[in-house]
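Each of the next two complexes has chain A plus one more chain, namely chain B in the first and chain C in the second.
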Partner chain A sequence: MHSFGYRANALLTFSLTILALMAAMASFSDNFNSPSPAAHVQVLNVNRFQNRPNGDDEIGMTLSISADLQSLFTWNTKQVFVFLAAEYGTPKNAMNQVSLWDGIIQLKEDAKFSTKVKNKYRFIDQGSNLRGRDINLTLHWHIMPKTGKMFADKLVVTGFQLPHSYR
Partner chain B sequence: MDWQGQKLAEQLMQILLVVFAVAAFITGYVVGSFQLMLFVYAGGVVLTTLITIPNWPFFNKHPLKWLDPSEAEKHPKPQVAVTSVSKKKPNKK
Partner chain C sequence: MGWIGEQIDSVKSMQFRQLLTQAVSLGMIVTSALIIWKGLMCITGSESPVVVVLSGSMEPGFKRGDILFLHMSKEPIRAGEIVVFNVDGREIPIVHRVIKVHEREGSGEVDVLTKGDNNFGDDRLLYAEGQMWLQRHHIMGRAVGFLPYVGWVTIIMTEQPIIKYLLIGALGLLVITSKE
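So, the complex of A and B:
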């Protein structure tokens, strides 16, 4: 500590060490948050149900999505990525997930929302397994923190049976 | 900066930084703002820099008192009797 440079160096390293410690503690404090998210999804209409020339089934639908994800936000949350997936089993694959819609929520105020949307990404099955298939619409989210650990969770929202015939 | 001053500067730096870090974390957590935590801590680091890095007068209150050269010549350094031969450091003559 005898010279200007030594003192500056000591202060810089010590202050950055503490900063890292604070970031770790901030990440740790996220564990004390016990969120209670709620979501409701309804299939308003199946607009389109076709068998594509290559044999794959494709569905176009209109969805009503409302969710309250405000409790996911803590002081260490940067943003929340949320997506709605259609999940179903087929004889070949026990679990299929098709993302229908997604969104990025950056503010806690925006985490309570309600929208009516057509599926943002195409709902295509690899095969022709969708007729009369029971699907689960599941809301997944990934919480991206400012520092530290990422959290991910999901909520199975609605069961829905697809139409028995193409239209 | 004298010896006492260096010790004081180091302790002051560590204590101030830890105190500001704790204060920043608590305010940030209570208010619920990560940004506020960073601002409080940044303020603390700047303040600590201003206090402990420049060579302030209060770090120089215990100057070393060296003997006057003429005084030193009157009392020559006693020669250490060389007992062990296998010393690593060569004796300066």
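So, the complex of A and C:
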């Protein structure tokens, strides 16, 4: 009855159960964190604004981004993926989201940052609807845990009206 | 030798009725595993509720051998979500992050562009030739939960089939020879 195999099996089952329970508890403890992130984004300059040969509008801009995301970090946080998206609606598309910049933050100390960047991904519309368009610049973050449930949230930082003419 | 001899003896001395019981309990194990898998499919609405990360394209967030839990709901796809998608002509699904979304008025049809966090460029090179966007039907689910390392079990088993057969054999023997 108490053979080697029986004991090994019991030990393995028990340790796996405990491990799963600990992982579940670590993930559950994330729910008690109520973060208060803050962010400020400003469009410093529209570098170029043109209509591409295929008819789509493209815009290039310089952005100043500063944020304090330190309160997002808990003991179960592996990294925070943060990105800035331009969000707008056009007659063709009810919802457009274009990521302009993103970054990976692995340390809580690095979660308070301020940076000046050109858009990292091309800001191209589907069609020529960007002239004079009002866009929302939204800072999103996606929290990747060491184990368990992932969290995501966002903060609409600022509205901006694109130029009325190509340049 | 003593141990092996004992096991063989125990198999030999087995009665027909006992054999039947063992077969039933083995069947129970297999079917309950199947029930759990199919049940997960129902709850999550995704045809593969759990996927193993096979590449390092989402590092440092997801490493090779990590497990992701998927969920597929009717909710619209938004930038920043990590989705699992199938590209026509590719067998292995890819887990990457959405960076651009263009959603039509009314019909809700959506064009999505993805990128791996650890990749330099976006995924247009991975898509089928000439494909610029992913549509809804390419996407199998979005990642909602994460468990590290567990997926190594399946990676090792698919890459070293011998270990798989050894494990199945050992477990089978254990079921057959165990009393009660």
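Methods note: the second predicted complex is superposed on the first by the 163 of 167 C-alpha atoms of A that agree within 3 Å, B and C clash if a C-alpha of one lies under 4 Å from a C-alpha of the other, contacts with A are read in each partner's own complex, and residues count from 1 in each chain.
Rule of thumb we're sticking to: a contact is a pair of C-beta atoms (placed from the backbone, for glycine too) under 8 Å apart; a residue touches a chain by one contact, two chains touch by 3 or more.
Values in this document were obtained by computation on a predicted structure and should not be read as measured data.
Considered on the superposed chain A, chain B and chain C are sterically compatible, since they fit side by side.
Chain B and chain C, viewed from the C-alpha centre of chain A in the overlaid structures, lie at an angle of 40 degrees when rounded to the nearest 10. By the touch criterion defined above, A:115 reaches neither chain B nor chain C. Of the two partner chains, chain C is the only one touched by A:126; chain B is not.
Look at A:106: by the touch rule set out above, it reaches chain C but stays clear of chain B.
Of the two partner chains placed around the shared chain by superposition, chain C is the only one that A:96 touches, whereas chain B remains out of contact. Shared-chain residue A:161: touches no atom of chain B or chain C. Residue contacts after overlaying the shared chain place A:140 against chain C, while chain B stays out of touching range. When the two structures are aligned on the shared chain, A:148 is found in touch with chain C, with no touch to chain B. Look at A:26: by the touch rule set out above, it reaches chain B but stays clear of chain C.
Shared-chain residue A:83: touches chain C; no touch with chain B.
The partner that reaches more residues of chain A, of the two candidates chain B and chain C, is C. After superposing the two complexes on chain A, the shortest C-alpha to C-alpha distance between chain B and chain C comes to 12 Å. The interface of chain A with chain B overlaps its interface with chain C at residues 146. Note for the complex: chain A touches chain C at residues 5, 23, 27, 78-79, 81, 83, 85, 91-99, 102, 104, 106, 121, 126, 140, 142, 144-150, 152, 154. Taken in their complex, chain A has these residues touching chain B: 1-2, 4, 7-8, 10-11, 14-15, 18-19, 21-22, 25-26, 29, 74-76, 146. Considering their complex, residues 60-62, 76, 78-82, 97, 99-106, 111, 117, 122, 143-148, 174 of chain C touch chain A. Chain B meets chain A in the complex at residues 1, 6-7, 9-10, 13-14, 17-18, 21, 24-25, 28-29, 31-34, 37, 41, 45, 48-49, 52-55.
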